[in-house]
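Pasting a structure here, questions to come.
We call the chains A, B, C and D, going by the order they appear; numbering starts again at 1 in every chain.
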Amino acid sequence: MSSLNLLVVTPYLVLAGTAVVVMLVSTFSKSHALLLWLTGAGLAGTFASVLVAAASPDRRATALLRIDDYALYFTGLVVVITTAVVFLSYSYLGRTERQRSDYYVLMLLAALGGSILIASTHFASLFLGLEILSVSLYGLISYPRARVQAIEAGLKYLVLAATTAAFLLLGMALIYAVTGFMSLRELAGFAGQATGWDALTYRIGIGLVLAGIGFKLAVVPFHLWTPDVYQGAPAPVAAFVATVSKGAVLVLLLRYIGEVDLAKGGVLAMILSAVAYASMIGGNLLALMQQNVKRLLAYSSIAHMGYMLVALVAGGSSSRIAVAFYLSVYSVSLATAFGVIAVLSRPKDEAESLDVYRGMIRKRPVLASIFTASLLSLAGIPLTAGFLGKFFIVRAGAGSALWGLIAILAITSAMSLYYYLRVIVVVFADEQGVERTRGAGPASRRMGGRLAAVTLSSMTAITIFLGVYPDPLIRLINAVAAAAG
Amino acid sequence: MSAIPMGYALGLAAILFALGLVGVLVRRNIIFVLASIEVMLNAAGLAFLAAGARWGRADGQVMFVFILAVAAAEVSVGLAIALKCRRHLGTLDIDAISKLKD
Amino acid sequence: MHAVLPFVPFFPMVAFAVLALAGGRMAPRIIAITGVAPTALSALLTLITTGAFLGAPPDGRVLSVSFWTWVHIGGFAPKIAFYLDPLSLVMMLVVTFVGSLILLYSVEFMKGQEGYRRFFAYMNLFIGSMLILVLSSDLLFLLVGWEGVGLSSYLLIGFWYGDPANGAAARKAFIVTRVGDTALLVGLLLIFTQLGSLDIQNTMGSAQAEWARGSGMATAAALLILSGAIGKSAQLPLQTWLPDAMAGPTPVSALIHAATMVTAGVYLVARTHVVFDLAPAAQMVTAIIGAATLLYAGLSALAQTDIKRVLAYSTISQIGYMFLALGVGAWSAAIFHLMAHAFFKALLFLAAGLVIKAMGEEHDIRRMGGLRKDLPIVFWTFLIGAASLAAFPLVTAGFFSKDLVVDLTLSSQRGNLFLWVVAVVGALVTSLYAFRVVFLVFFGDPQSTLPRSTSPQERRGRGFGKASVVPLLVLATLAVAGGWMQLPRQWGGPSAFTDFLQPVLPAPATRVGGFAESAAPQVIVAVISVAAIYLSYLLFARRPAVVAGVAEHPLFQRLSNLALSGWGFDRLYGAVFVTPFLWLTRGGRGDVIDAGVSTIAWLARLLQRLLRRSQSGRLRYYVAAASFGVIAFIAVGILR
Amino acid sequence: MMVAFWIAGGVAVAATGMVITRKNAMHALLYLVVSFLALAVVFYVLGAPLIAALEVIIYAGAIMVLFLFALMLLGLSTRHERQERAWMRPQGWVLPGLLTAVLLAELIYVMASGGPGAAPGAAPGPLEVKDVGMSLFGPYLLGVELASILLLAGLVAAHRLTREDPEDELQ
C-alpha cells in the first residue's frame, strides 16, 4: 500500500526543495538575480527529474499519487509554463517590489500544488494539491504592495476558493460515506453499481465535487471571479492562474472521467455538457465589447475551458489527445499574451487598457507581432497551433456525435475571432497609443527585458512551429495518452 | 463503532454547512465571512468523520486532520488579507471592496 | 517547375512580413517597391509556369508540390501541399496579374495617404492568402487561405478605421461571411467523417465512388460548401456585406471586391464540382441563387447613386452569372466569365477611383457629368470596361464570356428556358446600368457645384501619373482581347479556354437540336445588349427630362428607394431577426437601413449587456451564483 | 450516547446560528468557540477522541486565538457594531436564506430518504488513536508531507501580506 519509489517523486521533492532553498538563501542575500536563477535552476532540475521519472519502470507512489506518463507529461508542461512565468516576472518585479523571495517561493509551491493535482488519484492528495495551489495563489495574487486592486482580487479569490473548497470537501465526504473509497480508481468502479439511497447521495457528492472543480476551472456559473482576479492580479500571476491552475484541475477531471465510463445521459455528462454550453456562450459574449485586455483574456479563457469540456464530454482516447494538445497549446499561447502584458506593465500601472496597445506595431514591432501571433493562435486561425487544437476537439466531439456542442463551438469561436481581431487591429493602427513611462532600475530592466524577449520569442516559436508542424507533439501525446488509457 | 446512525451526523453536518453558507452570503464584514468559512470547513470535516465511522476506518479522521491544516492556512492568509484591506482600503466591508467590475 | 511554384505565394507573404515588421522607418519609395515587386515577380513566375503547361500534353498539365504532412492521427493526414492544374493556373494568373496591376496603380493612388505601408502590407497578405487558397491541394489547407483572405479583407475594409462607419462595414463583412464559413467548416467535417480525407483529389475520387447521384450525403455536402461559397461571393441571401464593403480604399474594392476574393466561392464550387455533379438538387439551388442574385443585384445597381455602389451591385450580379453557370454544370464557362469579369471590373473600379479623386472625393454620379473631355483616358478605359460589362457584341471579352454562360444556360441539360430568360433580362439590366453610369458621369453638362480642380495638370498632380494609367490601359486591352481565345461554339472558331480546362472541368452535356441549337438565342442576346445601350442613351443622355419625370412619380420613387437600399434586405433582416428582440430593449433602433448591420453581432451585444450585469464586482453575488450552480448540480443529481 | 449527540448537536447548531447573527465580532467568536467545543463532543460520541482533542486544541484554541489577534489588530469598536446593524437589514437575508434553504432541503431530502445499510464486510472494531496514527504515517505519509507544504505556503503568503516595507510605501 505504502510502497513508494523515491525516484518517481523526485520532481515534487525538487520543487519543494527549491522553494526551501530559495527561502533560506533570501535570508542572507538580497540579490534578485540570484533568487531568479536559483528558481530557474530548480525548475530545470524538476524538468530533468520528470525525464528521469519517465525513464523509470517502477512507478509506485502510494495510493495517493499515480505517476504515469500522462501525469509526467503535464507535470512537464506545468514546469515549462511556470518557468516562462518566472522569467517574465523578473522584469515586472525588478522595478519596484522589494522582498521578492516570497514570490518565487510561492510560485514554486503553486507549481508543486498543480503537479500534485495532476498526479493525484485520491481525495486526500487531490484536496491537498488543490489547497497548496490555492493558498500560494492567495499570496501571489495580492503580491504587489503598491497595487490596491491586487488586495481586492486576492480577497475575492480567497473567499470563493475557500467556499468552493468547502463544497468540494462536503461532496467528497458524501461520496466516501456512500462508497467507503477515496481513491478515484475504486470510485470509478463503484460509479455504475450504486442503487437507491447510495446512488442518490453519490450523485449529490459528484455535484458538490464538480462545484469545487468548476470554480478552479472558472466555468459558468463559477466564472464570475475570473475577470476581477485577472485584472487585479499581477500580469504574470494572471498567466499562471489562467494556465497552470486551470490546466491541472482539468487534467484531474480528465483522469477521473477516463476511469468512469461517461455514459450518455449520465449526471456527469449532463452537467458537464450544460457547463460547456454555458461557458462557451457566456465567455465569448462577455469578451465581445471588453476594453480591458486582461479582462478580455479572462473572459476568453472561460470560453476556452468550455471548448475543452466539449472534448472531455466526448470521452475516450481521442478526447485525451484533444485535451492534452489543446491544453498545451492554449497554455503556451495565453501565457505569451499575458507575458506581453507583463512586459508592458509595472505593478502599479498595468497595461490593461486597449489604448495602450494602439499602434504598438510601430514602436515595438517584435512584441506586437508576438502578441498578434498569440491572439491568432487563441482565436484558432489556421496554421497556428490553436487551430489544430480546435480541430482535435471538434474531431473528438464528432466521434461521439455531440453535434449540438460542436455547433455552439463553431459559432462561438467564430464570434471570438471578432474580439481577438479587434485587439489586433488596434495593435496595427497607425496612431500612437498612450505613452508609457518606464520604471527605474536600468540594470535589472535590461536583463529582465532580454529574459522576457527570449522567453516570449521561444514561446511564439513553439506556437507557430506546432501550428505548422505539430506531428512531433502529437506523437508524444499519442504515446502518453495510450499509457494513460 | 458508535451507536449514532450516520444519517444523523450527516444531517448535522448539512445544517452546520448551510449555516456557514448563510454567513458567507449575508455578512459583509470580512471577519464574519472568514468565520463562516471555518464553520463550513468544520462541517465538511464532521461529514468525513461520520463517514469514516460508518466504515470503521481511520481515513475519515485522517482527512479531518488535513482539513484542519487547510483551515489553519486559509484563515491565516484570510486574516492577513483582511488586515491589508483595512490598512489600504480603509474598510472591511466586502460590498465596498468592489472596484473591479465590468 | 516544381521548384518555382512555392515561390508564387511565398513572395507576397514575404512582402507582407517585411512591411508589417518594418515599423515606421521605411521611405515611401521603398514601401512601393517592396509592395509591388514581389507580386510582379509572382506574376512572372506564373507566366513561366503557364508557358510550361501549354507546352506539355493535356494530361501532363498537373503539378503537385508536397511540403510535409501536417499531422498523422489515425486516418487523418492532411498535407501542406500545392496542386496546380489548369483551373488553379487560371486563378493564379488572374490573382497575380490583376493583383500586380492594382498594386502598381495603388503606388500613386494611395500616395500621401495615412498608412501607406500598412496598405501594402495588407494587400500583399491578401494576395498571398488568395494564392494559397487556389493552390492548396487539401481542403484544410485551403481553409488557411480562405481565412487569410477573410482576415485581410476585414483589415482593408476597415482601413480608414477613424470613421466608425468603416469599422461597422468591416465588422458586417466579417460577420456575414462568417455565417457562410461556419457552414463550410461543418461541410468539411462532414466530408472528412464520411470520406476519411480532406485531400481534394482523393475526396473527389472517393465521393464519386461512394456517394450515389442524388444521395442525401452528397446533397448535404454540396449545400454546405455552397453556403460557404455564397458568403464569400456575396450571393443571396448573404450579399448584404459587399455594398458596404466599399468603405475601403478603391484599389481594395478593385482587387478584393471585384477581381479576386469574391470569386473564391466560384472557385470553390468549381473545385469541388464532382460533389455538385452528384447532387442535382444542390446544383439546382446554385442555379436559382445565381439567377435570383443576378437579377436582384442588377436592379439594385440601376438605382444606386454612389458610383462605387453601382459597381459593387454589378459585381454581385456578375457573380450571379457565374453561379448560374455553375448551377447548370457549365463549370469552365463560369471560370471564363470569372476571368473576363476580373479584367473589366478591376478596370471599372480603378477608373472610378480616378473619377472620384478628380471630383474631390465625390461619389454621387448625379453630381458628375461631362468628364469626357477632362479625363479622356479615364473616359475611354471606363467606356471599354462598361462595354465589356454590357457584353458589347463581337469585340469585348465580356461578350464572349457572357455569351458562353447564357448559351449554356439554355443548351445545357441542367439548364432550362426559365433560367435563360432571367439571364437575358439580366443582360438587359446590365447594359442599362453600365451605360447609365457612362452617360451620367462622362456626358452631359457638369452637374457638380463642388470645387473642381481647375486644370488637368493639377489633376494629374493628384495621382494621374504613369503608374495609374498603365494599369488602366493594360486592363482595357485585356477587357477587350481577353475573350478572343474562346469563340462561341456556333461560330466554329477556337475554344482554347474550355479546351485548356477540359481535363479538370468537363463540358456539360448539351441538348441537341431545337431552339437552343439555333443561332436565335445568341442573336437575341446580342440585340438586347445593344438595344439596352441605346435605351440607356435615350434615357440618361438624350432625354434626362423623361427620367426625371418618371422619377417624380411616387410609385417609381418608392421602387427606386427600395432598389437603392438593396431591395430592403437589410430591412428584412432587421424585421426577421431584430424585431422579435426589440421588446427586450427600451429604445429600439431608429436607423432602419443599418438595422441589419450585423444582426448577429447586435444580438450578441444585447446578450452581452445582460450578462455584464452579472459582473457586478460584488463578491457576495459571486458566492450566491456559485451556490446557485451547486444547487442546480445537485438538483440534476436528484431529479435524474 | 444518543442523548449526548442530540444535546451537543443542538448546542452546535444554536451557537453557529449565533455566530452568523451577532453584531459584535468578539461575541460571535466566543459563540464560534462554543460551537467548536460542542462539535468536539459530537466527534467524541462518533468515536473519534483524537479528533475531539484536536478540535479543542487547534480550532477552539489556536485558530480562535488567531482570529482574536486579528480583531485586536483591527481594533473593532462599538462604531463597527452600529455599522454591522445597518448592514444586516432583513431584506439582505432573503436571497441567501432562500438559496441556502434550497440547498439544505436538497441535502436533507437525501439524508431523510432512507439511511444507508450497515457497512458491508467485516464488522469494524473501535478505532483508536493508534489506528489514526498508523494511517497518517503509513498510506497517508505523502499527504502529511503535503499538508506541511500547505502550511509553509500559508506561512509565506501570510508573511508577505502582513509585512509592510517602508520603501514600498513610497511608490
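The working rule: contacts are C-beta pairs under 8 Å (C-beta built on N, C-alpha and C of every residue); 3 or more make two chains touch, one makes a residue touch a chain.
Since this is a predicted model, take the numbers as computed values, not measurements.
If chain C is ignored, touching still links all the remaining chains into one piece. Separating the centre of chain A from that of chain B, both taken as means of CA atoms, is a distance of 26 Å. Averaging C-alpha coordinates per chain places the centre of chain A 30 Å away from that of chain D.
One simple way to say how far apart two chains are is to compare their mean CA positions; for chain C and chain D this gives 68 Å. Note: centroid distance chain B to chain D, computed from Cα atoms, is 5 Å.
In chain C, the residues that touch at least two other chains are 612, 615, 617, 619-620, 623-624, 627-628, 630, 634, 638.
For chain A, residues that reach two or more other chains under the stated contact definition are 124, 128, 131, 135, 138-139, 142, 154-156, 159, 163, 177, 180, 200, 204, 227-228, 286. Contact with two or more other chains is made by residues 95-96, 99-100, 103, 106-107, 110, 115-116, 119, 140, 143, 147, 150, 153-154, 157-158, 161, 164 of chain D. Viewed as a network of touching protein chains, the structure reduces to a complete graph with every chain in contact with every other. Of all the residues in chain D, the ones that touch chain A in their complex are 106-107, 110, 113-116, 119, 138-143, 146-147, 149-150, 152-154, 156-161, 163-165, 167-169, 171. Contacts from chain B toward chain D in the complex involve residues 1-12, 14-23, 25-29, 31-32, 34-36, 38-39, 42, 45-46, 49-50, 52-62, 64-66, 68-77, 79-84, 86-87, 92-93. Across the complex, chain A is touched by residues 20-24, 68-73, 76, 80, 114-115, 118, 140-141, 143-144, 147-148, 151, 154-155, 158, 161, 171, 174-175, 178, 181-182, 185-186, 189, 193, 601, 604-605, 607-608, 611-612, 614-615, 617, 619, 621-623, 625-626, 628-630, 632-634, 636-638, 640 of chain C. Residue ranges on chain D touching chain C, taken from their complex, read 95-96, 99-100, 102-103, 106-107, 109-110. Only residues 620, 624, 627-628, 630-631, 634-635, 638 of chain C touch chain D when the two sit together in their complex.
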